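Presented sequentially are two complexes of subunit A, the first with subunit B as partner and the second with subunit C.
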Partner chain A sequence: MPDRRPRLRGILGQITTIAVTLLGLLLLTFIIGRMMPADPVRAMVGEDATRETYEQVFRQLGLDRPLWEQFLRYLGDVLSGDFGNSIRTGKPVIEDILHVMPATMELATFAILIGAGLGIPLGVTAAVNKDRWPDHLVRVFSLFGHSMPIFWTGMIALIVFYAALGWVGGSGRMSQFYIGMVPDRTGFLLIDSAIAGQWDVFRSAVNHLILPASLLGYSSSAYITRMTRSFMLDQLGQEYMTTARVKGLSRGQTIWRHAFGNIRVQLVTIVALAYGSLLEGAVLIETVFAWPGFGQYLTNNLIIGDMNAVMTCVLIVGVIFIGLNLLSDILYRLFDPRTK
Partner chain B sequence: MTQTLRLPAPLLAARNIVTFLLRQPTSAFGVIVLAALILTALFAPLIAPHDPYVQNLNNVLQPPGNGHPFGTDELGRDIFSRLVWGARITLTIIFLVTIVVGPIGMIVGTVSGYFGGKVDMVMMRVTDIFLSFPSLILSLAFVAALGPSLNNAIIAIGLTAWPPIARLARAETMTFRNADYIAAARLQGTSPLRIIVKSIMPMCLPSVVIRLTLNMATVILTAAGLGFLGLGAQPPLPEWGAMIATGRRYMIDSWWLVTFPGLSILCVSLAFNLLGDGLRDALDPKQMNRR
Partner chain C sequence: MQGPILDVKNLSIRYHGASADAVRKVSFTLGRERLGIVGESGSGKSTVGRALLRLLPGATITADTLRFEDADLLALSEREMLKVRGRRMSMILQDPKFSLNPIRRVGQQVAETCLRHFPVSRAEARVKTLEMLAAVKIRDPERVHDLYPHEISGGMGQRVMIAMMLLADPDLVIADEPTSALDVTVRLQVLNILDALVRDRGIGLIMISHDLNLVRNFCDRVLIMYAGRVVETLDARDMDAARHPYTRGLLAAQPRIGGSRAPLAVLDRRPEWQEEMAP
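Right, the complex of A and B next:
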């Protein structure tokens, strides 16, 4: 039996690290929330409230207490699952966010499928043909994806594929005509419409999804391509590759079975991280495509200064990122024999 | 080798790097675009045919041509002239972010790497927290807190862009904090501050510069994204992202309103990416051998 203590200590250390990072995250969102210029009391009581009402709400929110006490209160609230109410809708913020999340996840999931489906084969091709024309072509293609302002590409794509060619649906998740026709079960429109057997709605949804998902996927494929290429190059340079060739295996077999087989774990972690950074592109692309998801929710609330909503959104993104990092770390530990 | 003209070492190195960059078509594109950007910004009043702010309501939404190479916008302003003046804003963003991010990242990284132990742990935890956000989201939050304006967007981007630099500077510092010349300085009784500033920071500089160049593409895109969301530069400033935002309403009938500012952003961000790639090849000896 190998000694398990160092490993256990590693996991404990990791848990502490995550706890500290989460605490810092909360502190950061708290500070940002306090810095916001919008007056939360004024937003709640309205412009023509009396001075007494104002003071009362001010005290109710605990704003007269010292900052550290306010922070502890915020911490306690968050830990008990209370993220505050939205000033605009009056409902708990977390409820609103859970309501818009499926739209973004639907978009991001299709995007990552496109991104990985495009990026991984391209990366392998580039690595196998290093410094020859396919490599250069792939490099230029992925650099474009990495360099384009996605909100602009979204508009150009709308002008070309929607306005001029009419190949795809315009903004939103489906045609105006179908809104409200499918009962909201899971929030995932494709699943809901399939369950309801409304194939017209399903087609409309796919039609509206394909353009924003492709653009997001293209932009994330840049990162995936680059990482795949460099992982593959590492493997192709190893001696076992030569051995396998000498043994009489075909070039395709050595590339796909040996080299690619060895980078699969690394790729999973890369794709997980890419999925997280899609959130960033989603904020912009959802604005362009009027996609009623997380990104649009965040920007709308930023503009009206709804403090609770913005803070919670930022917090959620941070937690998702930490979670994905942890996930990729765990995957690494589980599947890579060298980390044992 | 006969050398007719003897340049000081740093200049010579710079010349070699530029020669190397110009030899490859991709990084040459980067150098040329950036040179063009700088020249455009410097000579904006001479290049722009019209005033970027003067409205002409008799001449709105004109397609390209007719004295307006890129057409006119919804207030009859010449888009080409606005793009030319916008180059100044882009350069300002690049410059300010660099002088905010470079020093912060450098100080955090070198101090953390040099002292190690508790200092290192605390500083790296802080860095981790900032790294656990995508840069645009964190910038959004900061701008929301500070209020939307170009300056605040720059501050927000600066606040979110330093962690990778700090990480890099720390790693570099750790590789030579136990070097003999540092130990010698320490034995002579040199203060840690002096060692960090005089001996460690200069050693970190090259890799930090490369990293900054590579990050500039992201900075440009984040700034444009903030401008597009209405949280960066405010109208009537001719910031490219903000121009796209206002042009969005007219994009279906007047494609030129959004097309040209977007192409400008794409070119500059692509240029930084290509330049960064080229710089990495130029300054990394390992890469050179492999080629």
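Right, the complex of A and C next:
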């Protein structure tokens, strides 16, 4: 019983931190909403509305009230799940976002699988062969991934693999021909087409997904590679690695069992953060590939000044990152005995 | 006592990119006895220890003879070395704070030696581990087995290290400054445990240290190393009869309780010691 209490306090502390962070986030989105140079009233009533209509809507939106009251009202709305309506579509913002999110999640999930699947082994290889040719090769490879502008690689890749070689599908989530052929159940095209048994659509979706996902995966693998390399170097220099060798373990065993075993939690954390930034939307790739995802949605609404949509997007990104940080905290607590 | 466990003739070690050998033409033999290697930092004593285990990445090892029992250590493949390390020859490292894996339970780490070298189940390895923990005088092996390295004291950590390295019953143990990270009060305790185990099991011990008093009390013979070479080899009990000026200098620099309060002698190092052969 006595050793339960600090743990409980830890969890309570965590919850408080999250609550405070969320409040700060809401305040931030609220400020963003008020400071945007767009006039929400004008956007709603149109350019040639009368002064009376304008004033009426102004009051309806509560814009005549003091700021703190407006903030409280915003808080209340958000807590009850009301994020406001989109000016452009007239539908609740959250509905629109739920519609674009699966496209981004599909892309991000494949990209992170590629990024981690590539980055982690490369990082380990580089660390183990520090300052020898595999290390240099990996560093150049990941430097490219890091520094090439993705809209440019995206276009080149489209020209080469789609236009010239015809190996993959072009822009969009599937060929024009298949649009509307599978009922929209989850929004995840791969899942929906598999449920419907439409394997042609499924293939088309994979074909369209593979190129943007690979590009995003490559660019996030650059980050994952560098982090893996430095985590591994940290461990490889530790004296317990010598102990393991003295016990008779081979170099491979010490590397994978001891050193890699000790960086797993750190790796999960950085992969999760990389996933988070992919979910936030890869605006450039989504634009180049005409991918109807979250990044495009956010950008479009920023440009036309759809306040509710932008505020909600920022909120969602914030919540995703708070969630990921929470996840990594929990992982450390569970798997690193030193934190107990 | 049959033939020597270890026969080293003209062992030289050079780190890659270095302009001089770190260890130069070191020769000694070791029976079932306790040999001390003493020298100041940088004298090459730890390098010798690691070279015997062939754990010196980035260094070239040459020797006329480097024989461990029936094996020529320089001719063994890495695969064959894996069967020597931990099983027939092992090493106790300096500081348990760093030499134990921080996120694994102590017992697991000890059991790893067993699982690596013997065809045993996890349950059998656990039994063997608990026995070994008891053998290094850990009072509650069951409890300690499940602790993590940061939860145990330095003295206990070093006893765990000894358990880990003696579990497979090796013929030779190299102890590389085994007590220099410990408090003076637990030093003797740990050394006595090591000493008793080494004697009981007839294990050859190489004790690497910079502590002359410690070595003369716990070893049969002592090699004095200076600048990569052995300057003198002595029986521990004849230490006071040392002839080499470097050894005499080291002895003179030892403080003594009740001795004179005058400043201790300062070592005077002469370049010609680097060249002359050990007697």
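Observations on the model:
Please note the rule applied: the second predicted complex is superposed on the first by the 327 of 340 C-alpha atoms of A that agree within 3 Å, B and C clash if a C-alpha of one lies under 4 Å from a C-alpha of the other, contacts with A are read in each partner's own complex, and residues count from 1 in each chain.
Note that a residue touches a chain if its C-beta (ideal position, glycine included) is under 8 Å from a C-beta of that chain, and two chains touch if they have at least 3 such contacts.
Values in this document were obtained by computation on a predicted structure and should not be read as measured data.
Aligning the two structures on subunit A places subunit B and subunit C side by side, free of any clash. Within the superposed three-chain model, A:Glu239 lies in touch with subunit C and out of touch with subunit B [touch as defined at top]. An angle of 80 degrees, to the nearest 10, separates subunit B from subunit C at the C-alpha centre of subunit A in the overlay. When the two structures are aligned on the shared chain, A:Gly318 is found in touch with subunit B, with no touch to subunit C.
In the superposed model, B is the one of subunit B and subunit C that contacts more residues of subunit A. In the superposition on chain A, A:Ala163 makes contact with subunit B only, not with subunit C. In the overlay built on the shared chain, the residue A:Asn262 is in contact with subunit C alone; subunit B does not reach it. When the two complexes are overlaid on their common chain A, residue A:Met105 makes contact with neither subunit B nor subunit C. In the superposition on chain A, A:Val283 makes contact with subunit B only, while subunit C stays out of contact range.
Look at A:Met155: by the touch rule set out above, it reaches subunit B but stays clear of subunit C.
The overlay of the two complexes leaves subunit B and subunit C separated by a minimum Cα distance of 12 Å. Common to the subunit B and subunit C interfaces on subunit A is no residue.
Chain contact summary for the complex, subunit A toward subunit B: residues 17, 20-21, 24-25, 28-29, 31-33, 35-37, 131, 139-140, 143-144, 146-149, 151-153, 155-156, 158-159, 163, 276-277, 279-280, 283-284, 287-288, 298-299, 302-303, 305, 310-311, 313-314, 317-318, 321-322, 325.
Chain contact summary for the complex, subunit A toward subunit C: residues 238-240, 242-250, 258, 261-262, 335-338. Subunit B makes touch with subunit A in their complex at residues 26, 125-126, 128-129, 132-138, 140-147, 217, 221, 224-225, 228-231, 241, 244, 248, 251-252, 255, 258-259, 261-262, 265-266, 269-270, 273-274, 277, 291. Note for the complex: subunit C touches subunit A at residues 53, 55, 78, 82-87, 90-91, 93-95, 98-105, 109, 112-113, 116-117, 148, 150-151, 161, 164-165, 168.
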